[in-house]
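Presented sequentially are two complexes of chain A, the first with chain B as partner and the second with chain C.
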Partner chain A sequence: MKSLSQSQLKRLTAVHGWSGTVLGLLLYAVVATGTVAVFAHEIAEWSVGGAKNHAPLAGDLDGKVRPIAERMTKGYLEEIAIWATAKGDLNVFPHAHARNPESGKIENYGTLFRLDGTTGAELARNEGFVFTKPEWFEASALEDFLVDLHVQLYVPRPWGLILTGILGLSMMAAGVTGFLMHRHLIRDLFVAARPGNRLVTARDRHVLAASWGLLFAFLLGFTGSFFSFAATVSLPLISQVAFGGDQKAMRETLYEPAVTPDPRPAALADLDAVIARSTALTGTPVRFLVVDHYGRADARINLWHMPPQGTLAWVRNVFDGTDGRFLGVKPRVGRQPSAGNALYELIWPLHTGDFAGPLSKAVWVGLGAAMCYVILSGMQLWVRRREEAALWRGFGRAVTITAYGLPFAMTAAAYGFFLSLPAADPFYWTPMGFVLGALACIAVGAFAGDGSGLIQRFRRLLGAACIVLPIVRMAMGGLDWADAVAQGQGAVLSFDLMFLVLGVLLFRWATRQPHGRPAGDPLPEPAE
Partner chain B sequence: MSILAIVAAVAASTAALAYLALGNAKRRRVFGLPPLERKAWQTWLAISGVLAPAVFLLNSGGGAGFVVWCGAVSVTGWGLAAMTPTKPIVPRRRNGGGTKPDAAQSSGP
Partner chain C sequence: MTERLRRALDARPRLTRWLLAGPGAVAAALLFAMAMPIWLPKGAAGIDNIVFPLILVPLIWAVVFVYACVEESLLRCVAVICGTAAVCGLTAAMAFTGWI
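Up next is the complex of A and B:
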């Protein structure tokens, strides 16, 4: 690589360091919550005590959906969306598209039926702009909160999305500038942090983790920004430029299969037979299903499958709604296979790791944890170089509080969820639990102990929170371990055990001397 | 592509990475360990050992195994490299005299 001049290096260091310092804490929040959100679906299953039915779309679906569709007015039969919740219930949502006066956007308006996944009994019914009310369609407030926190930092749209989009760009910028700054990337790939407590030791740790995670830092930053800006910038722009602002026309062109309108009445093909055929063709279970134009001759049945073994992209099969003929695989965007579609299809699996079951998700959690380490160690390094100034020592303390406070607050959100389950609204108390947990950590960080003692205290606090959480879950009526084993609820048992192991490890870690001095603990040393 | 094949590929690459880490000249110098004599072909063989499972995964599947491998090797490689070798020397400050300052100190930003 071409070596940079001193002034170029200085400028790059300034861009790398200041972008990390200004946005680092928020970036850490997005990456840490994203790391947890990789297992969002499993967290949902764990929090609701497991799924009663693991394959509600594979049973007698036709017998559950058809009676609902038959009693709906024609306007609501434009689309019927069907999917399973983490509890194993079925959401059946006949709807039309209408402009929401609150958001000014075209949104789905209809009646959402929540059915028992096994018996088909109606559990709940709600009418309106359904996707503005998570409590109507989500089984777990905890999953909803954690995903929302990652996607938009709990800031209202579109500002939250724009913010996380900018954070994704800053992550890419940090990756690129870091790559250019580091002159011996390959040569130093195996050089562990040098022993001791020196500035160079802190730098070694940051550089080593960043070097190994460079590719994925760029990839996760890019794909995250793509999603954030898609809804807020790219699609509205495409709608204006290519479709004269007609959102419906854009949606139909990009996402819907080509259909010649035919409003003549016609009975819908047997859904169960279509599901069985589609599953046999793809080899993976159906996760989402949409019936377009129920009761008409131009009806279409769209089925989304998890990626077939060895591949990355989800598959959307389209069937004729009247005779059940297989019409083909619909590309994610457009109506013909294209390079753009192939790239587009990779964005989701590459961002979430959701393509090869728990293995790929576990790897993505490891990558997310590595990114967290890079961000925190980078900020600590930046502060250590300036710790003579009281302001920077204060920032160093803020880094420590955020580093431990965020996981603690997420755990507190889980406490808010479980404690409110029996008698209160979990969709209110889950975010409230997070806020209370964050405030508690800020209070501990602001008023308790010096830098080193503070870290130990945070580790014990977090460890205790992890160990007690499964007990609280069960005390609030959650599934116990014997029943979880008997019912094959792997998510329940795995998460409980993970929290216990994590808690014990944190306690053990708290008894050891932390890596180096915390940033807020002043001890000037010569620059290296 | 079975999960087992992916795990085996990651394990094979990690083993080759461990071999490379063990004999890495700069790592040994930084930690005051004597150099490990290795022929160039041995190093190249180990590098091939790291990459060969990825080629196998890429050829035998639709890319999912390869992507998982990339992510997993990034994490295991970091974990391996971050482990300090046994019996590390106690470093001395530049102005403190004693051992020769390590070469890696001049690298990086």
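Up next is the complex of A and C:
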């Protein structure tokens, strides 16, 4: 590679440092919440005390759905979406598409039935623009909050998505400029941090973690900004040129299979037989099911399966709704396999690590945690080079507060969720728990002592919060360990143990002297 | 003319580079992506010309952004980024109005 001139290196260093400094705290928030959200589904299962039924879409689904469909008015039978919640309940949602006066957009309007996944008994029924009310269709307010925090930083759409998209771009920028600044990338992969508590020691650690995480950072920034911008900015602009702004033509070309309209009445094929056939064809369980045009001759049954062995992408099988014939596999985009679809299907597993079960997710969590370290150590490095100025020392303190305050606030959100479960609204108290936790950390950071004492106090606080959380979960009526083992609720036991281990490690860590001095504790050292 | 433009750009190098790497890179990436459906092959399913630009927008931005950071000649940088954006914008506008 052609070496860069001094002026080019200077510019890249400035871009790398300033982009990290200006957006670093928000970027850390997105990456840290994303690291947690990798296990969003498992967190949901843990928080609701495990799934009562692990396969509510198997068994007698037809007997649960058909009676509901038969009593709905025709307008609501345009689509019936069926899926399981983390609790193992069944959501059955016959709906039409109507313009929501609040958003001005065409959205799903219908009646959402929540059924017991085993018996089919009706547990709840709500009518309206269902997907604007997470409490109607989500089982876990905690999962909903954490995912929302990661996807759009709890800022309303589309601004939250645009913000996280910009943060994704800044992550790419930091990765690319960091790569170009590296003159010895291979050597940096194996650099041993120089001993002591010097600036070069902190730099070595940052460089080592960043070198290993370089590709991952670029991948996360790229796929994340794609998800943020695709629906909000890129697709509306590109469809203006490709389809002259015709949204219907765009949807038909990209997403909807071609169906010749046939409104003649016809009975729906047996859903259970179709599910069994689809599962046998794909080899993985059905996770989501949509019946189009129930009761008509042009009815279609769409089934989404988890990725089969050796593949990365989810599979969508389409069956004729009247005679149950298999019509084929519908690609994610387009109507037949293509290079564009193959690339499109890669984005989700690459962003979430959801392609090889808990193992790939655990690798993504590890790499995500390493990225958090890279972001925080980069900001600390930046501050240490400027800590003669009071402003930068204040910023360094903000970095320390955010570094520990964010995980503490996420834990506080879990407390808000569990404590409100018996008598209050978890969808209100989960975000409120996060806010209260964040405020508590800001108060501790603002008024407690300086230096390494502050870090140790934060570690003890976070450690205590982690250790007490499983106890609070069980005290609020959650599944105990004996029942979790007996019922095979792996997520419940794993997360409780993880919190306990994490708490103990944080307490032990609190007794050791931190490696990096906080920026509120200035010590003159030569420029390195 | 070129010399006057060069002198004007060199008089405010930081501002010029900020504009090129900031709004310039975003605008150029979006306009480039908007023009891609016109010249990219549609592929077997007739969607490649839409899906590729949709996915590649962040990568295109990264290329323009890094170029705006490392290019030594500001005049060349302005010519390349603004020229690309103008050609792509014109092509996209012509496609939108049905001229091509």
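The rule is short, and it goes like this: the second predicted complex is superposed on the first by the 516 of 528 C-alpha atoms of A that agree within 3 Å, B and C clash if a C-alpha of one lies under 4 Å from a C-alpha of the other, contacts with A are read in each partner's own complex, and residues count from 1 in each chain.
Just so it is clear, a contact is a pair of C-beta atoms (placed from the backbone, for glycine too) under 8 Å apart; a residue touches a chain by one contact, two chains touch by 3 or more.
No experiment lies behind these values; they were computed from the predicted model shown.
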Three-chain arrangement built on chain A, chain B and chain C clash or fit: fit
Touching partner for A:Phe190 - first (chain B), second (chain C), both, neither: first
Partner chain(s) touched by A:Arg198 [first = chain B, second = chain C, both, neither]: first
Angle, in degrees and to the nearest 10, that opens at chain A between the C-alpha centres of chain B and chain C: 80
A:Gln240 touches, of chain B and chain C: first, second, both or neither? second
First, second, both or neither for A:Gly340, with chain B first and chain C second: second
Partner chain(s) touched by A:Thr13 [first = chain B, second = chain C, both, neither]: first
Partner chain(s) touched by A:Met172 [first = chain B, second = chain C, both, neither]: second
Minimal inter-chain CA distance - chain C and chain B, angstrom: 15
Intersection of chain A interface sets (partners chain B, chain C): 12
In the complex with chain A, residue positions of chain C that touch it: 17, 21, 30, 33-38, 43-55, 57-59, 61-62, 65-66, 69-70, 72, 92, 95-96, 98
Contacting residues of chain A [partner chain B, same complex]: 9, 12-13, 16, 181-184, 187-196, 198, 200, 203-205, 207-209, 212-213, 215-216, 307-312, 349-350, 353, 355-357, 359-360, 363-364, 366-367, 370, 526, 528
In the complex with chain C, residue positions of chain A that touch it: 4-5, 7-8, 11-12, 15, 168-169, 172-173, 176-177, 180, 221-222, 225-226, 229-230, 233-235, 237-242, 244-245, 250, 253-254, 331, 333-341, 343-344, 347
Residues of chain B touching chain A in the complex: 1-3, 6-7, 20-21, 24, 26-27, 30-31, 60-65, 67-68, 70-72, 74-75, 77-78, 80-85, 88-91, 93-95, 102, 104-105, 107-109
